[in-house]
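Before we start, here is the structure in question, set down as structure tokens.
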Amino acid sequence: MQETNSGGAVTVAPYGPLSVSDRLAKKALRNFKERVIELLLLGAACVSVLTTVGIIWVLVSESVNFFGTVSIWSFLTDTMWTPLFAEPRYGILPLLAGTLTTSVVALLVAIPLGTTIAIYLSEFARPTVREVVKPFLELLGGIPTIVYGYFALMVVIPLLQLIMPELSGFNMLGAGIVMGIAIIPYVSSLAEDAMRAVPMSMREGSYAMGATRLQTAFRVVFPAALSGILSAYILGISRAVGETMIVAVAAGMQPNFTVNPLEPAQTISAYIVQVALGDLPHGSIGYQSIFAAGLSLMLMTLALNLVGHVVRRRFREAY
Amino acid sequence: MKAEDIPLIRKIIRRNKRLEVLFAVAGFLALLLGVLTFVALFAQMAVAGWERISPDFFTNFPSRRAGQAGILSAWVGSLLVMLVTAVSAVPLGVAAGIYLEEYAPKNLFTDIIEINVTNLAGVPSIVYGLLALGVFVYTFGFGQSILSAGLTLGLLILPVVIVATRESIRSIPLHIREAAYGLGATRWQVTRDHIVPYSLPGIMTGVIIGMSRAIGETAPIITIGALTFIAFLPESPIGPEFPWVNFEWLKSGFTVMPIQMFNWTSRPEEAFQQNAAAAGFILVLMTLAMNAVSIWIRYHVRKDIKW
Amino acid sequence: MAARNAGGVPVKASVENFSFYYGDFKALKSISMPVHEKRVTALIGPSGCGKSTLLRTFNRMHDLYPGNRYEGTIRLHPDNTNLLDPAVDPIEVRMRIGMVFQKPNPFPKSIYENVAYGLRIRGERNRSVIDDSVREALRGAALWSEVEHRLHDPATALSGGQQQRLCIARCLATQPEVLLFDEPTSALDPIATASIEELIHELRDKVTILIVTHNMQQAARVSDYTAYMYLGELMEFGETNQIFVNPRRKETEDYITGRFG
Amino acid sequence: MAARNAGGVPVKASVENFSFYYGDFKALKSISMPVHEKRVTALIGPSGCGKSTLLRTFNRMHDLYPGNRYEGTIRLHPDNTNLLDPAVDPIEVRMRIGMVFQKPNPFPKSIYENVAYGLRIRGERNRSVIDDSVREALRGAALWSEVEHRLHDPATALSGGQQQRLCIARCLATQPEVLLFDEPTSALDPIATASIEELIHELRDKVTILIVTHNMQQAARVSDYTAYMYLGELMEFGETNQIFVNPRRKETEDYITGRFG
Amino acid sequence: QSLVKIDGSSTVFPVTEAVAEDFQSSKKGAVKVTVGISGTGGGFKKFCRGEIDIADASRPILKKEMEACAQAGIKYIELPVAFDALTVVANPKNAFIKQLSVEQLKKIWEPGAQGTIKSWKQVDPSFPDAPLKLFGAGSDSGTFDYFTEAIVGKAKASRGDYTASEDDNVLVQGVSRDVNAIGYFGYAYYAENQGKLKAVPIVNKEGKPVEPGAATVLDGSYNPLSRPIFIYVAEKSLEKAEVRDFVTYYLKNASKLATEVKYVPLPAKAYEIALDHVNKKKLGTVFGGEAEVGVTIEALLAREAKL
């Protein structure tokens, strides 16, 4: 060690150890600086926790007032949702049914298509094709969802009506399908990342046995990437459950208690945005109802993510 | 398999390959569906809005006369909101990502932060709107301002930035870190001199992807109540005297592209639908441009960093 | 029927005037050598000389990556198929020729499923046929007694040496004509190494083996023939005894005595 | 001043009763050995025996990962500091002891910045001092003539051997008291290997060197002392000549003659 | 820089927006005007907290809101600015809906109808047994309040199983695609989409079926679905020159601009009275805090004159 406190003394004291007090002083200063920086970074990491705390605080504090008026039991079991009417009923079930039905339709579109695309891009397409197509697909995720909403209403539902003339002008099927298309990039992009992270040696092992691309993809790469693929699905589900503008425009805004995708319905998120667009004064029970609805939505996605966390741990592969 | 079995082998291969071809076709069609949807959406807006796109469209304020209405206040608003979003989310997200990858000990607390970040990434945007309504608009009293909207979208993309940062940092091989530590560098020196510079392209890609999502967000902005007729620009951020910056604009009312577009789609007159299409077209162009930049970074800046 | 070399041992494959290119880089230069049936042939040489490249050619692994190019022929006997013929499906080649890699790479499945994999992709559905083959293969790879009672545990839970034997069993289950080994023990500890070497010894009666190794002593111990390569060229080929005791070329001697590499 | 061993060569560091744990796994078992000043000490032994683990202890690399535990002492002379003392800052240890890794790992910066990095983190700002040190270090690593005219090119554009010499130069610039090498040539071609070996020869006059290698001949060629390790234990330590010509233990002989490993 | 802040009803928004636009251009940008849409109730809430200068309202101020204003010491001037005609629309291809009475509408929309009245035949035996498809205003808008009050007899009393949207264009799409659908919304949306919709004549108090339109609103025959719309100006804000200028400009141009955005203007006399109220600062409301249905222009004028 050549250092002394006189800066450029590289050649002055070659190989000479630093004096003890010098070293201690330097060390103390260095440790202090390191500590401060670490705390700053930790603080930044805590902001994300604060966000969650903030969300929960806002949702819960308004919901507490709401549940002061409405019993949790009727909230969970009543089959009518008319919080802004003269005789309000506060049953979340219709909104829940709408949310689940549109989500299921969307996932029936997004998961098979997204997975197929991911496998195709990761295992079949030439690298150049992949590099061109992938960002293109990601753009699908960047289109404002309000655009999709009108696309569903003006293009997809009329097309569906050609096949099913009885279909009403607003329905969960059309909204769900378009929502599924909007979610494809989230699923395919993450799933493809997960598959590409599977080491080449794993594929070589399979090809060396005489497997085709398809066999390698489905029997080796897919199971090996399962944990990442499940993450992709879970993100897709969260997106479907929380998606707002598409269902607000195309699903019909009717709090029907039904799981028939051919019917119109309202989702939790659509209810929130409907109220936010309207005239509700801050502090009224109607205002509080959007927070109670928001809380339900948040709890659903939270549960999903926890399940996802457990599932991911369970399937995590050490290659 | 023995050499005598070659005919059998060939038969098996033929069968396997039939399935393979079927799947390849299915994959290609699925891809086509995705790409065609995008092209269809884009083309439809382009065709419907084409007539309205002229320099005036960018320099006019919204108006009740569809033919004179423009997106000046909307694109300026979007720009300013994005500025607040970037300034709030990028340092926080990058710092948090660095902490989680480079500093965090493995314990319950960091586990909670981790789960929390994944969870936030899945929280519906409308819920962020509710958070903003409760906290920024009412509790902090920022009102329906650029500041409220920017911070809301900042929180919304924070998980995206954190995840991108972490992934990018994780792709730096261990041996680079060891080389630096081996020379006697402190943790912060390693972070500052190596981790941050080498992960920068990845972080920037993530940030841009986050921003291109934020710029199209409608629901949370509606929730904070920003559906407003705005036919003026906020104060200029550049002040007339020292220190030449001005923060008045943060408190200003605003409108943004997706809100303007939403506003027009809900107008009764047919002519406004053209405006909405034109605004949508420009909005998608904006996200396209941002994505193009991120792709450019991915290929040209990242290429220079090899291990 | 099969071609015979001077010593009278039938030839399973013959490399003729073979060159290989990674894009513009010529990694192998006009190599010609025989591979004797039911014998072990070792490929040795300093790092980067092209051992792996040559080995991987035998089951057309290079086809998986763009930009690679073959020149010349590798003929597989008795049917005289040119492995490198573009008209020959690489999958067919790989079904006939198995490969064991440097790092054990079991699939993230159960032990049983790993061994059954080759049969499944060949369309075998009969449960008892698969059961039998799996058992035989595991016996052949000297792994049966260790895993007999936990066939349905994940393969990744095995130790490195066991994993490598599992990968060998995986190949054996499909009864390949030739087995390729690319430094199969370099990631293993001495005990696991010894068991793999012993296994190779036993397999020699049943299958033709080609093995890459950087360990001269290993080559001397396990192989019947040795090929010494240097910078993409085949410097010397011959019986292992002759190469190690009495190399014809100075370079071979330098390498074998550890003067470099 | 410095401790001296029987042969009269001063001791730079002494390992005393040192054990090491990766979590619950005891990777090194009660090792004691001297490291002689301005001499080359080679660590040999089969894969997984703990060579790298021991080497990396010398500059407290293990502190970077959680769950690792030291026992015993490693004393650095002349000041008698116990490197493993929790009160001793690992950064300080690393400033005194440099390390060169198996795979060349230059930073993706310019050649100049790579060499200057050690000075920069020591707070050196003076441009001409840095310039001088960079030149000296590159000369010391026998790289100067090759890169003199492209100091500001990216380091990753260099060949493997040049990169490894750059990594050595990077250490030399900070004038460490001890240099650690972990299989520095195993990723290199014969020519690059030769140049690194030569370099180690030259450096011997200036700095104490500890080198891990799996190549017995290399150990024989470059080292003055050799330690043979097996399964986490130090089996034998002595002058290289003695170890290779006349090993005291049967295991050492087996390993050296390539009977396993 | 001077700023006029307006918020409140979405019904009044188009008129106020038109005024704001012209006013700003007449002032050459020296005055900024923001017009928010947070609904009549939301607008009053802010108004009574002193956050805005002017509240747009599609109904008179209510008791609760009067109290809130009084408590905060906010005094205000009530100014009717135009009339709106709620329009019941049907699909133009629908052959059997020739007219509807208030009783029939009530049968369709009252809360008890939910789940039971599903076919047109149940509304009137002469109608075919066709499924009933309903579209209406969002359940938290002034339009919804007024329609339910006028038809069912109680504000906010409605069945819930209909498509409710704040975005009236969505309703237009719905009705125009379904032969058996009816819906209701403000006249402007009908006026702009006459090709896709037909207005259903409503049988008024006198027993006569009447179509909505400027004439029928003005002569009072289109009842009970026509209603006045207002702005409320804070007394304190009137001290600011820009607010006074704006209000004056509003009343002077309301007639022209209301027509332009498809509302029914008040008679010239009404605007003169209103201007007079502004100049003399006549405070308070003429409605006494009650929701009322079917106020005619004459009645309104009479009340205003008395203040």
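Per-chain residue numbering starts at 1, and chain names A, B, C, D and E are given in the order in which the chains are listed.
Convention: a residue touches a chain if its C-beta (ideal position, glycine included) is under 8 Å from a C-beta of that chain, and two chains touch if they have at least 3 such contacts.
By chain, with names taken from UniProt: A = Phosphate transport system permease protein; B = Phosphate transport system permease protein PstA; C, D = Phosphate ABC transporter ATP-binding protein PstB.
All values derive from a computational prediction rather than experimental measurement.
*Asks:* Using the contact definition given at the top, which chains are in touch with both chain A and chain D?
*Replies:* B, C
*Asks:* From the C-alpha centre of chain B to that of chain C, how far is it in Å?
*Replies:* Their C-alpha centroids are separated by 50 Å.
*Asks:* I'd like to verify one number: the distance from the centre of chain C to the centre of chain E, where each centre is the average of its C-alpha atoms, in whole angstrom.
*Replies:* The answer is 85 Å.
*Asks:* Any idea how many Å lie between the Cα centroids of chain A and chain E?
*Replies:* Distance between chain centres, rounded to whole Å: 40 Å.
*Asks:* Check each residue of chain E and list the ones that touch at least two other chains.
*Replies:* Residues 37-38, 42, 166-167, 170.
*Asks:* Could you tell me which residues belong to chain D and also touch two or more other chains?
*Replies:* 91-92, 95, 122, 174
*Asks:* Note the residues in chain A that touch 2 or more other chains, in rising order.
*Replies:* 30, 210, 212, 215, 277, 282
*Asks:* Can you name every pair of chains that touch?
*Replies:* By the stated definition, chains touch in these pairs: A-B, A-C, A-D, A-E, B-C, B-D, B-E, C-D.
*Asks:* Sort out for me which residues of chain D touch chain A in the complex.
*Replies:* That would be residues 78-79, 89, 91-92, 95-96, 119, 122-126, 129, 132-133, 174-177 of chain D.
*Asks:* Going by the contact rule set out above, which residues of chain A touch chain D in the complex?
*Replies:* So the residues of chain A in touch with chain D come to 1-3, 7-8, 10, 14-15, 17, 23, 27, 30-31.
*Asks:* What residues of chain E sit close enough to touch chain B in their complex?
*Replies:* The contact residues of chain E facing chain B are 1, 13-14, 16-18, 20-21, 24, 29, 32-38, 42, 166-170, 172, 188-189, 191-193, 260-262.
*Asks:* Using the touch definition up top, name the residues of chain C that touch chain A in the complex.
*Replies:* 59, 61, 64, 66, 91-92, 94-95, 98-99, 101, 103, 105-109, 117-118, 120-122, 156, 167, 170-171, 174
*Asks:* Touching chain C in the complex: which residues of chain D?
*Replies:* Residues 46-48, 186-190, 193-194, 215-218, 257-261.
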